[in-house]
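Same chain, two partners: subunit A is paired with subunit B first, then with subunit C.
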Partner chain A sequence: MQIEKLSLLQKIGVYIATFFFLLFVLMPFIEMIRVSLRPMSHLMTADFTWWSEDFSLQAYRDMWVTVPLLGRYIFNSIFIATSVTALTMVVVVPAAYAYARLEFPFKTLSLGGFLAVNMFTGAVLLIPLYRVLRTLSMLNTYWAIIIPGVAFLIPTGIWLLRSYLEKIPRELEEAAFVDGASRLYTLRRVVIPLAVPGLIVVGTAVFIGAYAQQFLFAITFNNVREIQPLPAGLYEFIGYQDVTWNEMMAAALTGITPVMLVFLFLQKYLVAGLTAGAVKE
Partner chain B sequence: MALVAETAAPERMQRRELSDRAFAWLLISPAVLFIAVIVVWPLIETIRLSFTDATLGGENWVGLQNYAALFADPKFWQIVGRTFYWMVLAVSLKLIVGLIGATLLNAAVPGKALFRVLVMPPWVIPIAIGVIGWKWMYNGYFGLISGLLQEFGLVQDRVALLATKTSAFYSAIVTDVWVGTPMVTLFFLAAMQGVSRDLYEAAWVDGASRWYRFRRITIPQIMPVIVSMALLSAIWTFNSFEIIWILTEGGPRGATTTLIIDTYKVAISSQRFGEGAARAVVIVVLLATFSLFYLWFLNRVNRHYGAK
Partner chain C sequence: MATLDLQNLTKSFGSAQVLTGIDLAIRDKEFVVFVGPSGCGKSTLLRIIAGLEGATTGQILIDGVDVSDAAPVDRGISMVFQSYALYPHLSVYENIAFPLRVARLPEAEVKQKVGRAAEILQLTEKLPLKPGQLSGGQRQRVAIGRSIVRNPKVFLFDEPLSNLDAALRGEMRVELSALQRDLDATMVYVTHDQVEAMTMAHRIVVLNKGRIEQFGTPMELYHHPATRFVATFIGQPNMNLLPASVIGTGADGLTVEFHGGTRMTIPVDSAGAKTGDRVEVGLRPENLKLGQGVSMRLRVLERLGGTAIAYGQMADGLKICAALPGDTTVHEGEDVGLTFAPADAHVFDATGRVMRRRQAPALAA
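Now for the complex of A and B:
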């Protein structure tokens, strides 16, 4: 459209500004890749240089020795995030449907209550949670990281999925009702199949959230190395006096590959789905 | 057909009306139960513990003693002040960077689809991993930032950014802004795309410049999103734990200790549950007051700009 047309000079300006903006956003990644490719001895002794002759993949081999449980950490991260996502969705789907379709007392109030949960990050509730988990003998088990994780993703999940379900035409459900289908049957056989794209968006958002938030619960409620997720596992190594930074970076990059792949496959739907609520209809 | 629907409707509606409530409660009960056990009950328990001297050993009721000690401590007020400064500064920067980013990503240039994907990685990866990357870059001996500053002759010697009080605080702010940028940018971009084209065209026909259109159309139109994003961002930033913990653990000499960090240290690291709980209650009260005040403000902004 004519109005949006930029002159060549303006375009160049946009590109330069975008370059610096993305440089800020991607700098840590670029730097992590650069460091992971250099031998530790050169990182420590040589003066700072951008380029060097001795790029190698050695760190990607050595990291498995330095961080013996690396594979386990990565598996734990994915396992915990997947469990959290599955549990969250089981709880969120019916609730989101209720908020999207049904009228009931305290509807607005209870939805507001759910959203208010966002105000309390885990840190505020850690003390009683610690005691609850200890009473239930869940400390130092996967449950200690999974259960609190689910609770703090439920509100966002309900909020996102509700706005998606509201867009599904009511007529299809009405038709099922008229045919004498029960409510639960309609939800299972009519609504859920129609909501699959929305479920994927919300599921992915919950998965990424679950993957991102493991650190606090892991370092507080768990001190068994074998079940530690990646961020907590690596953090332990960062605390040491002699950090083999190139291997840490290689390990971190390897560890985030699965979630980056999930994101790349689904980014188109994800970005549209997440922002749907922000745009005026 | 119409006749059938008309006669059947009232009875069916009535039947459903009754079971609507029961069915709805049935559907939301698992979520309610979960939140009740993991959030509401611990919250009540936190309030109760704040009136005790609970440790691992046991607990005694001490009334308001924890609060009295807390409010009498000048250090505590320093931490409260620092937390609000941290929040206001980081949120303002996030909003500004996000607004610039969204404007750039909204520009009609080839490659914008790619740029929109490239802005997301800090949000996709675990916060802790990104922060480990920053910790390396702040490193004094061979970190990128120190190296660049030397390269450009801005500093003579290597600077360990996390080692001095002021630089550690502002370094943590930069990392926090970095973590928050993708979300803010994405929401602003979506809001910008939702602004009606007619408004721009009308202004364009009247000869309004791009800057004028941005100031007088884009900003007012997306104001409701800016304001609600600011609240969400403020809550997250106030509660931000991992960034500071991994970078500095609240140091050097308390320079990056916010309320959350202080609470964690007292409650979890030293296992003084009672005193920690009192701090947690203060956080909840401060955040709730702030949010309510802010929502009132949001309401006024929405009315002012005539949105919904």
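Now for the complex of A and C:
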């Protein structure tokens, strides 16, 4: 339904509902921004106000001093999430293609298995994972955070991408096959270029997943400060005496800004990809 | 360039038998059309020739070489798909060049070959465009361009015109016939449209329920349909079938009696027919004329200009259709009499086999 077709009253209703929904979703962010802009001493005293005279960017300067490795943590977060995404996609693309197009034994069973694995959260498997990583001498390395991340995201990636690849007309691949192209050539020259919107959707979902789950793996499998990602690094704002909330919020916001900018840019692909094939075109 | 032989080909999916005992010998430079109703197995047969599907049993020979287990590209075939199957992210140039890129030909050769194909198909100006920017007919030509660029021995077409509108379809029919002559190529073409089959084919294969009903020239199929199925499938409007019973066989043909009691001797080979057998007499609408004979109540008259198609019902409820001259003066709702020359009639026995006509037009071989 298009918004132009609604009556004025309906439009007002839609906007009010949207406003409250957004307020509910964005309130934590608004609060983060507010806290990050106020001096520590005023945080606990004043009543809630949308705007205050004492707003300043002081916390955004001080945070680099309070936590000297902050830049490193932000880099680690993005580096780990990007590595996880890249490795996951390298595995997911051919796997999803195989599940979309080939017939092989235990196809349905293994797909169901992937879904079952997804039912376990990382937390349930932390102790066995710890033992595996210790045996492989990977504790306290980037691998300790990246490998479990990749492992947990592959099933989701395969499920998401498979359904997208199934929508690519089979005749395109048959045409390539008739012209002598191998499976891999067809995948590279025909399927992947056509699946770009789907790849962006899956890549984004994997990246968000990787960004969110790294905290758990980082605090469990790593105690080297230089490797710590931002969510774990933020703990350093919690001191013996007090917590510098404003700097912590400023650091969190700074850390997610680059990622947010990229997603803002990818948004049009996301919307197109998530609804692709939902209606007959 | 190439002959194509299919020997005792069968195909089954699970327990479903899709193709049974397909034996065909297609000659060099021949344009053969597979025609039949949907689900008759014609597309499956084409896909087996292409190598997209394996046959359950039987052999495929191209130029006398068994290619049953060869990959499509090694068979020397190329295929044009119903949906065109153009790559939407590649330019027209790259679409046509695709088979050459797969074969890793040097750039200069690719350029020369694509250029030539584009010239034949009048696509030279469209080369930098994407398929999405082309009309249906142009897309169709790009798909053909991609199939000719590799100089295959046999061209396969899977209902290539079914996505075009009627006017463009007529135009492309002429272009395809001309292309076939220019390329001097063996072509196999699948369609469900008997007009396409009649107009383009050198020889037509009529398929029904996975079997070949008849393989012959368009005029053979029209004048000497081997079965009731072919008779009703080929020809527009469809052939009328009147039930009758045999009352005698003789040197001058088969004498039958229609439901109304009318008797007629039809000049066909009646060997095997016995008195009392149920038969069906097939009459093409264009062979029916106004006159004293069978009577029908005219229900609808479609005036097409040159001809007028009369749809009516006989006394026993049987539907009948006649192609009358365009200036006919009959009216809807009227009772009209129809007559025909016995030599124009086809007779089918109870199993649907034809009794060979003796006085049909001579056929060019």
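Some observations on this one:
Heads up, the rule we're going with is that the second predicted complex is superposed on the first by the 249 of 281 C-alpha atoms of A that agree within 3 Å, B and C clash if a C-alpha of one lies under 4 Å from a C-alpha of the other, contacts with A are read in each partner's own complex, and residues count from 1 in each chain.
What we mean here is this: contacts are C-beta pairs under 8 Å (C-beta built on N, C-alpha and C of every residue); 3 or more make two chains touch, one makes a residue touch a chain.
As the structure is a prediction and not an experimental result, all values here were calculated from the model.
Once the two complexes are laid over each other on the shared chain, residue contacts for A:Met249 go to subunit B alone; subunit C is not touched.
In the superposed pair of complexes, A:Val259 makes contact with subunit B only, with no contact to subunit C.
Comparing subunit B with subunit C, the partner in contact with more residues of subunit A is B.
Of the two partner chains, neither subunit B nor subunit C is touched by A:Leu8.
Of the two partner chains placed around the shared chain by superposition, subunit C is the only one that A:Tyr185 touches, whereas subunit B remains out of contact. Of the two partner chains placed around the shared chain by superposition, neither subunit B nor subunit C is touched by A:Leu109. Counting contacts as defined above, subunit A residues 177 meet subunit B in one complex and subunit C in the other. Only residues 12, 16, 19-21, 23-28, 30-32, 34-35, 37-39, 41-43, 45-46, 49, 97, 100-101, 104-105, 107-109, 115-130, 132-137, 139, 141-142, 144, 146-148, 150-151, 178, 181-182, 186-187, 189-191, 193-194, 200-201, 204, 225, 232, 235-236, 239, 241-242, 246, 260, 263-264, 267-268, 273, 276-277, 280, 283-284, 287-288, 291, 307-308 of subunit B touch subunit A when the two sit together in their complex. Only residues 50-52, 71-73, 77-79, 81-83, 85, 87-89, 98-99, 101-103, 146, 150 of subunit C touch subunit A when the two sit together in their complex.
Listed in rising order, the residues of subunit A touching subunit B in the complex are 3-6, 11, 14-15, 17-18, 21-22, 24-29, 31-32, 35, 43-44, 47-48, 77, 90-92, 94-95, 97-99, 102-105, 107, 110, 113-114, 117-121, 123-132, 147-148, 150-152, 154-155, 158, 177, 183, 208, 211-216, 220, 230-232, 234-235, 238, 245, 248-249, 252, 255-256, 259-260, 263-264, 267, 271, 274-276, 278-280. Subunit A contributes residues 169, 171-172, 174-181, 185, 189-190, 193-194 to its touches with subunit C in the complex.
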